[in-house]
């Protein structure tokens, strides 16, 4: 990866962070909620992008990993356990189950893996719905507590927004680190040519397991932050539909591209809101937009970014062979 | 005991309908690597069409049925394939998957918005009168569904194993590159498969309309059941999808009768875990040698 | 002791026998040629040795250790590298990245690779190799944008990155223009002089005869002859295999 590319990304991230810090003061409560939700979804999308976009492993159970985070925080919170501990436990649970799902990934490929992960999502959903003593069954858990450090409480929407932002920054920084490390190269090698990757010493087992586990851990993190945002969780939030929603985010944004999950989370969260004024037609317009985007921009919205980059590059130095930024 | 058998018959009856949706799903996967997330809506749309032709326009039943199958084959078979699939197939599996998700949303919410969010009743095709077979009582409807579905699936099986076109489909399903080298027009074959799928889902819709009510959102659970059936039955064989569909129907019916609502899903869960752990390619599925 | 020893290696595909009890050994510092008509099992042999395929029967020993059936990454770690007859690169990664991936998994452990140690050293080495092969100028270009000959050179470079003890070259000259062939022969000889051991599959007889001091001949999955280039050229079994009766 040309060093300039990732340095540019670092700068862009810093700018985005600054924007995220400054913007909320201008937003009303509902818009603040949408922004908080977008941040949470971005965390989840980054995880799925790692598993699917970078390592090429199909995962249709991202919502299930999210559920581990949400329910850990909610259930433990009911017993007075501090939020951060619930979060760590949720993330660890998600990581562990991500490892478990990673094993079938070693044995089967592509469509089989899609089916296995889909099945896992269904199983987790059914367990959540039926294990009433633990999860509250269909009724879910309400009054999920927001974090508090002694007298400092993050209960207000604005305070909780900044709390989410802080964790999001941690997640993004760690993803940046991982993807620019040798792990990133190994993941991409597996995605590009699995057989050759193994022949040059890339342990498929190790990296595929990690792709699943780390992606799942991020999902767990997102889930943990999600629960107090809504204040209430039920199994209906962790169905296959939700996993598909994350899939859409990652593909619409741009698979295997660092910017992809941010763009995807933004579009999938904000677009329905923007269209909400159109009186019930908004889902139809949204669906049409999705179909059209896939027809004309299958690589995702980062395609637009690429176009801009390429045309600006050709202005600066027409002879450079443009290595596509990854 | 008679209760159990009666329930099984009811289960097979609804299962046969699920099986048709599952078989279509599997056919699409086999010939074109399409995971059709809109399969449930492919049943809902013809169901609404049936309401249009039979209830609103008052066509005779047979005419309405033919019209529904034709409309479905044209729109959801030919139309979807030519407008969406042809272009997207070249770009890999995922863009097509997302597009079918978009399509399912489009159909679902268009029906809700432009037709009605309410459930539409649909008159029973076969009478619900009971028939006595020995000690067992079943309804004509249940028998009718089973026979109709069996006839359809049987015809499909004959088509696939005894016609040139059917063999071509099998060839494409097993090895697309080789098939095209041998002179098979793969693109056209995929179109035919899509049309077949649309016909199957249309027939499923006709049979299921009296059982479920016709509502814009029944596609969600129908689609899910088709996937589930394909997963546990085996999604690279038609008989796998058939088995899966029947299993789903029977398990669903038995669970509703015998298991209290709390644990109703447990049985389905157990089957799913067992299949995924022991035979992830499905009960009657076949392990593929190379990905 | 032979560096690489293959005993009675057999590989079936359903009812097709691709390799049938093939034995051969490779001495350290050798330049061994492996020839035979198409379909004689040469690439299959490489695949079985490097862990891409699991042999149906037989054994592979490397430096005395039994590595039969081990995964490709384990074989690579022990010091056997290879190139491919049909180009197998990482198309959407840059030339430099292709090289770095080939080096990075040799040392260290999984989690240690999250830290950035040795990356500078590996980059320097990669650049030096690219320089040696004459494609250093392309280091930031995508692998898929390279010409066929350049891709072959990259393939070769990747095999060298891990400083292997044995390099298996699968038809390195196929589809390459004559000037480049001379170039490649030069590289191979120079590396051999530095101590690298080579096993080369080739169809280009001129190249094989000039490069290799010992040649093994396969036909229809079986080993039919072995010897110096002169001996092979006169061997009736070999002529029979290539030209029929």
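Which chain is which? They are A, B and C, in the order written, and residues in each are numbered from 1.
The rule is short, and it goes like this: a contact is a pair of C-beta atoms (placed from the backbone, for glycine too) under 8 Å apart; a residue touches a chain by one contact, two chains touch by 3 or more.
What you see is a predicted model, and the numbers here were worked out from it, not measured in a lab.
Participant: Find out how few touching-chain steps suffice to connect chain B with chain C.
Facilitator: When the steps are counted carefully, the minimum from chain B to chain C is 2.
Participant: Report the chain whose CA-based centre is farthest from the CA-based centre of chain B.
Facilitator: When every chain centre is compared against chain B, the largest gap points to C.
Participant: Starting from the mean Cα coordinates of chain B and chain C, work out the distance between those two points in Å.
Facilitator: Computed value for the inter-centroid distance: 51 Å.
Participant: Could you grab the centroid distance between chain A and chain B? Build each centroid from C-alpha atoms only and quote it in angstrom.
Facilitator: From the centre of chain A to the centre of chain B is 32 Å.
Participant: Roughly how far is chain A from chain C, centre to centre by C-alpha average, rounded to an integer in Å?
Facilitator: Inter-chain centre distance comes to 41 Å.
Participant: Show me the residue ranges of chain B that touch chain A in the complex, using the header's touch definition.
Facilitator: Those in contact with chain A are residues 29, 33, 35, 37, 84, 87-88, 91-99, 101-103, 105-106, 109-110, 113, 220, 224, 227-228, 230-231, 235, 262-263, 265-266, 268-269, 272-273, 275-276, 280-281, 291.
Participant: Going by the contact rule set out above, which residues of chain C touch chain A in the complex?
Facilitator: Residues of chain C touching chain A: 50-52, 71-73, 76-77, 81-82, 84, 88-94, 97, 100-102, 104-106, 110, 113-116, 119, 140-142, 145, 158, 161-162.
Participant: Can you name the residues of chain A that touch chain C in the complex?
Facilitator: Of all residues in chain A, those touching chain C are 1-2, 177-178, 181-183, 185-186, 188-189, 192-193, 195-204, 206, 210, 321, 323-324, 326.
Participant: Which residues of chain A touch chain B once you look at their complex with the stated criterion?
Facilitator: 104, 107-112, 114-116, 118-120, 122-123, 126-127, 129-130, 132, 137, 240-241, 244, 247-248, 251-252, 255, 280-281, 283-284, 286-291, 294-295, 298
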